[in-house]
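Which chain is which? They are A, B, C, D, E and F, in the order written, and residues in each are numbered from 1.
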Amino acid sequence: MRILVVNVNTTASMTDAIATSARRYARPDTEILATQPAWGPDSVDSFMEGYLSAAAVVERVATFEEPFDAVVLAGFGEPGREGLREIVEVPVLDITDSAAAFACQLGYRYSVVTTLARSIPTIRESLRNAGLLDRCASIRASDLSTLELEQDEERTRERLTVEARRAVDEDGAEVICLGCAGMASLDKELEQALGVPVIDGVVAAVKLAEGLHDYGLKTSKVGAFATPSPKQIQGWPRR
Amino acid sequence: MRILVVNVNTTASMTDAIATSARRYARPDTEILATQPAWGPDSVDSFMEGYLSAAAVVERVATFEEPFDAVVLAGFGEPGREGLREIVEVPVLDITDSAAAFACQLGYRYSVVTTLARSIPTIRESLRNAGLLDRCASIRASDLSTLELEQDEERTRERLTVEARRAVDEDGAEVICLGCAGMASLDKELEQALGVPVIDGVVAAVKLAEGLHDYGLKTSKVGAFATPSPKQIQGWPRR
Amino acid sequence: MRILVVNVNTTASMTDAIATSARRYARPDTEILATQPAWGPDSVDSFMEGYLSAAAVVERVATFEEPFDAVVLAGFGEPGREGLREIVEVPVLDITDSAAAFACQLGYRYSVVTTLARSIPTIRESLRNAGLLDRCASIRASDLSTLELEQDEERTRERLTVEARRAVDEDGAEVICLGCAGMASLDKELEQALGVPVIDGVVAAVKLAEGLHDYGLKTSKVGAFATPSPKQIQGWPRR
Amino acid sequence: MRILVVNVNTTASMTDAIATSARRYARPDTEILATQPAWGPDSVDSFMEGYLSAAAVVERVATFEEPFDAVVLAGFGEPGREGLREIVEVPVLDITDSAAAFACQLGYRYSVVTTLARSIPTIRESLRNAGLLDRCASIRASDLSTLELEQDEERTRERLTVEARRAVDEDGAEVICLGCAGMASLDKELEQALGVPVIDGVVAAVKLAEGLHDYGLKTSKVGAFATPSPKQIQGWPRR
Amino acid sequence: MRILVVNVNTTASMTDAIATSARRYARPDTEILATQPAWGPDSVDSFMEGYLSAAAVVERVATFEEPFDAVVLAGFGEPGREGLREIVEVPVLDITDSAAAFACQLGYRYSVVTTLARSIPTIRESLRNAGLLDRCASIRASDLSTLELEQDEERTRERLTVEARRAVDEDGAEVICLGCAGMASLDKELEQALGVPVIDGVVAAVKLAEGLHDYGLKTSKVGAFATPSPKQIQGWPRR
Amino acid sequence: MRILVVNVNTTASMTDAIATSARRYARPDTEILATQPAWGPDSVDSFMEGYLSAAAVVERVATFEEPFDAVVLAGFGEPGREGLREIVEVPVLDITDSAAAFACQLGYRYSVVTTLARSIPTIRESLRNAGLLDRCASIRASDLSTLELEQDEERTRERLTVEARRAVDEDGAEVICLGCAGMASLDKELEQALGVPVIDGVVAAVKLAEGLHDYGLKTSKVGAFATPSPKQIQGWPRR
């Protein structure tokens, strides 16, 4: 199968990192196609940037040139998710929900370690709307922005480890979800250090996509995600 | 004061109608500035359209030429609301929350009458996130799209009246919120017919904006709605 | 318009302070009528006192001699609110809900700073019933009773500042609601000191009352707040 | 032990009926003292009447001449409950919570059958605050006011049976709670007719009071129900 | 009446201790029959042990030789409760729910002090399903296993006192529920030390059983707890 | 990988049917091992039977002779799930949660179609504890017991289709979850007939197991699912 993994920002190095992460545990017969929006912010750390990203993500997927069997939306906050579910028939997975869904199979309570404190409300609402908030022990911020994660890997490792350990020791987390696609490569190392399962949402979403595809399941077109009626959209698509 | 009322689609006749509605009960010293996005869908009836609208709304407000003291976002689903709260300092009101907040002062349970059934999940999550879902007796669809509302006023009146009456008689609603900016002009007529308060969200948002402004209140810049850090945004603003 | 602001206790100096507070941000054409119950406790810091106050408030409003267009109930715990909504047609606002409703427009999470710890359960239930609890970061007590607030303004300022700052720093509050009518005059000073919006519920309720009145809205008489059937009430009104 | 059963209205025949009901299943060594407020409404069917009743109930219990070991508050809506918990040390039970607490031991979901539809919001909030709403299948109104219940026993029996049967057949109720002290005498007859347990809250409250008393338990005076500080209460007690 | 008190493990000394506890506050005409499963773990501190216990408890009660009027299930986690409700007609009480139901009559918030931290999720879900979680201030572990409770009474007293005091001082508990049948004998001593009501669930369940029995109430056989249809059960009962 | 699929009852033909279902969409390199308890009920349609099943399931898995990489518990109500999570290190999936987790990726609201109405409370609590209840549009009973499902396939197809269609048309379901392992073979046929995704929980659980295994994830042993301390278990294992 072919999974279209969508980085939600315009930073090509992150697109590459996400693709690498997605391929790590993908099955041999799964092809990972990675893409990024043609315009928009170079990272998403605020609501405003999320809105731009969502529109650009919708545009990118709507105009993607090759066929694909599932979409993985690789940005916390899920910019554009419901819109993608409307315009494609294949399953659309996001990394927040996928990580938390995996976590709930492995422990009673999980925590999310994310970038900046300002992202916490978005993640909180996302988990609540997915029904997964009640088993969330905490959402902790590393105080590193999305781009800072990449700049100094040692610092990133240290800050994530500190917050993840607090989640386990103080908040009662039994599983840790990494709250940003840029943290992916640290999963197994952290797992070793903390003694609890650590989940990268990109991998979780890829595995869910494979499972749904094997079973022949697609997005329901009855109700919330029905194909939009054709209508006039001024100045769109942009490119 | 000056309130910037933002129609979320590119249909100029709706922008006019919303401005007219906003002016009906505005105070004499309140100036209503009405605008619409420079690009995007001619109406918002789906998630996908909402995402495009959100980005275009953010752009429009960020580049608006004149000063204003508050923003009223005149589209159900609130496309772009949190983003606006980040990029401006003045209060940002939306019509779903404002209508429901007014309704909760006037009765124990209220219902929303909206356009298409597919919008119900969005409205439901919006009310839940605002904490107002528990007192929502029902969300009922008129099965008229946003643009159809304008096309045949008699049909619109009839359909809205039928659904609103069912909300009162069958669901226990004590107040009705009109779930689309395009229904605004029918508020008092419906109120007369049904014998319960009927609220147009545009008016409610204007009145809240006036109140917040009088009291000198602005959006909190500590936490979720802090100004985004400056960063590179490719191809933006679009115009 | 004429707003009847009801102090819920029998302390005349508090009635005056509340009236002053209400007038601060009222519109020029809004007349504030202030009153207090003819009997009952000189301050309300317990459930028992709240019950006496509620009955006395209902009596006071039912027998008020002049016409009015809205009622603002100026006591946390809202003694008598639903009863007032039954016996008058005009909107009835209370200061807990009004402050929290304003707060939710300005930030993601707010805190309430109140008088004694024993009031916390009442406020908590009130916010929950209004659907506003989920966005309440904390309710903190200053450990000053209603009457002590007036006795030593310096101490009041200090205690409120300490608790409000903790709410912002430790609990994640982005907005502060003052949890007692007696704290009103400190709003702008605290706002300056803390760097977040600070809301006095009396002002919020006055502004909501003005907005509802401008729009011609009244309490719904279908359902929970229908006028009670006439019946025999022994020894009532008391005066 | 001595249980003070408090009718919340001034209708002596209802006080007698409640006392009779309370005595039916009381233990031989339990003495039932019945009382009623010295002033207030002859029945409680609205919020307003509930507020008057609460104040009068607090006064009545505060000035009751004889010793007692527990209080049973025999009115739906629990007028004055928290106030009583502050001013006495003995346990205070009410009939809504007591009936629902018993019901939850006997089935998965229960329904309440009450008097007028306007009481439903009060009962709903009361059950929610007690944490018992989630297992409430429905609250159904007989459309008979408190006083009408007594006037025509045949009609009362018929209306209650109809609504209770609907609760079982349509709403999935496995247990029925009688939502008004005036329905008490019909419990066993309805139980026979419906084939599910039927609970009169007065009996449930009496049995809980006996249990708490046997175990030597009293109201906690740490926190919400601490004794109010002495303060000046103008014109009180009334008699 | 005759109450069958079921210890959920195979430790005879605990069965005796529970019986003693149950008899302390039982009425003179209440006979306490105590039993324990014929097989299973000698204490229940994990889910796995709880499942074995549940099956063995169901077997024990189903084959009990003498008549009884109610069942009290004396183990936190309620192993087998719903199964017992299906196979007997008399009321089945458990000690978690009973203690919390009593606690909610005496204070606004209560805490549970239990054995090991691993039991907290079970207790949490049990309270949530009973609707009693919202008023639960905290669940604290003493870090003593069920059997360790018996081994060193002095240590048990000390650890419970420390955690209970923290619940009152730090978490806002107004009432304490003892979270294990093995802690029963310390109730009054702790109550004295802490100044808040302390509830042993065995006593609470016995008193509820007496109350339900006096009122002639039995488990509803309409719905969730209907008698199972006869079917083939291989190798059962085991003895 | 090797997945141990556990039928929760002793009916060998159902074990075979479940194994067949599990193999349908398993990957070529996934080996399905199917087993059933050595004792217990021939089907699970009540709480009591669920408790027996849970103990027998725990015993069966604890003594299983061959190695395996994941467990799929193929019975609604999840008898023994948490116990299995304690005693094995590999992931343990159940069919209720797995089906609902898949459903939430494909539509906004899903319904469950199950066997008898008496199972509805169990399923409801299971979904609530998994956080998935809020998006559950309805749980509908076919009124066929587990064993009746197998007896007359035509009747089963008809009853399921009727209830599933009602779920879509009347309750707003966008996805259907089959609520019993015995319904598995009808998934694609129903999907065709209804036009919405239809999910067999056995398949969903197998696919989740494959995904978790690929990613190297195991059950967290910190907290709720830590290995139980060794202790004396009388008469166990039974065989």
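Just so we're on the same page, a residue touches a chain if its C-beta (ideal position, glycine included) is under 8 Å from a C-beta of that chain, and two chains touch if they have at least 3 such contacts.
Nothing here was measured: the structure is a model prediction, and the numbers come from that model.
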Message: With centres defined by CA atoms only, which chain is the most remote from chain F?
response: C
Message: Validating interface symmetry: for the copies chain D and chain E, is the fraction of residue numbers used by both over half? Same or different.
response: same
Task: Averaging only over C-alpha atoms, locate the centres of chain A and chain D and give their separation in whole Å.
output: 52
Task: State, to the nearest whole Å, the distance from the C-alpha centre of chain C to the C-alpha centre of chain E.
output: 44
- line: Between the Cα centroids of chain A and chain F the separation in whole angstrom comes to 28
- request: Please set out, as single numbers or ranges, the residues of chain C touching at least two other chains.
  value: 108-109, 121, 223-225
Statement: chain C contacts chain B in the complex at 25, 27, 91-93, 97, 101-102, 104-109, 130-135, 168, 172, 174-175, 188, 195-197, 199, 203-204, 207-208, 210-212, 214-225
- line: Given the complex, residues on chain E that touch chain F span 10, 38-43, 45-52, 54-56, 58, 79-80, 82-87, 117-118, 120-121, 125, 128-129, 145, 147, 223-226, 228-229, 231-236, 238
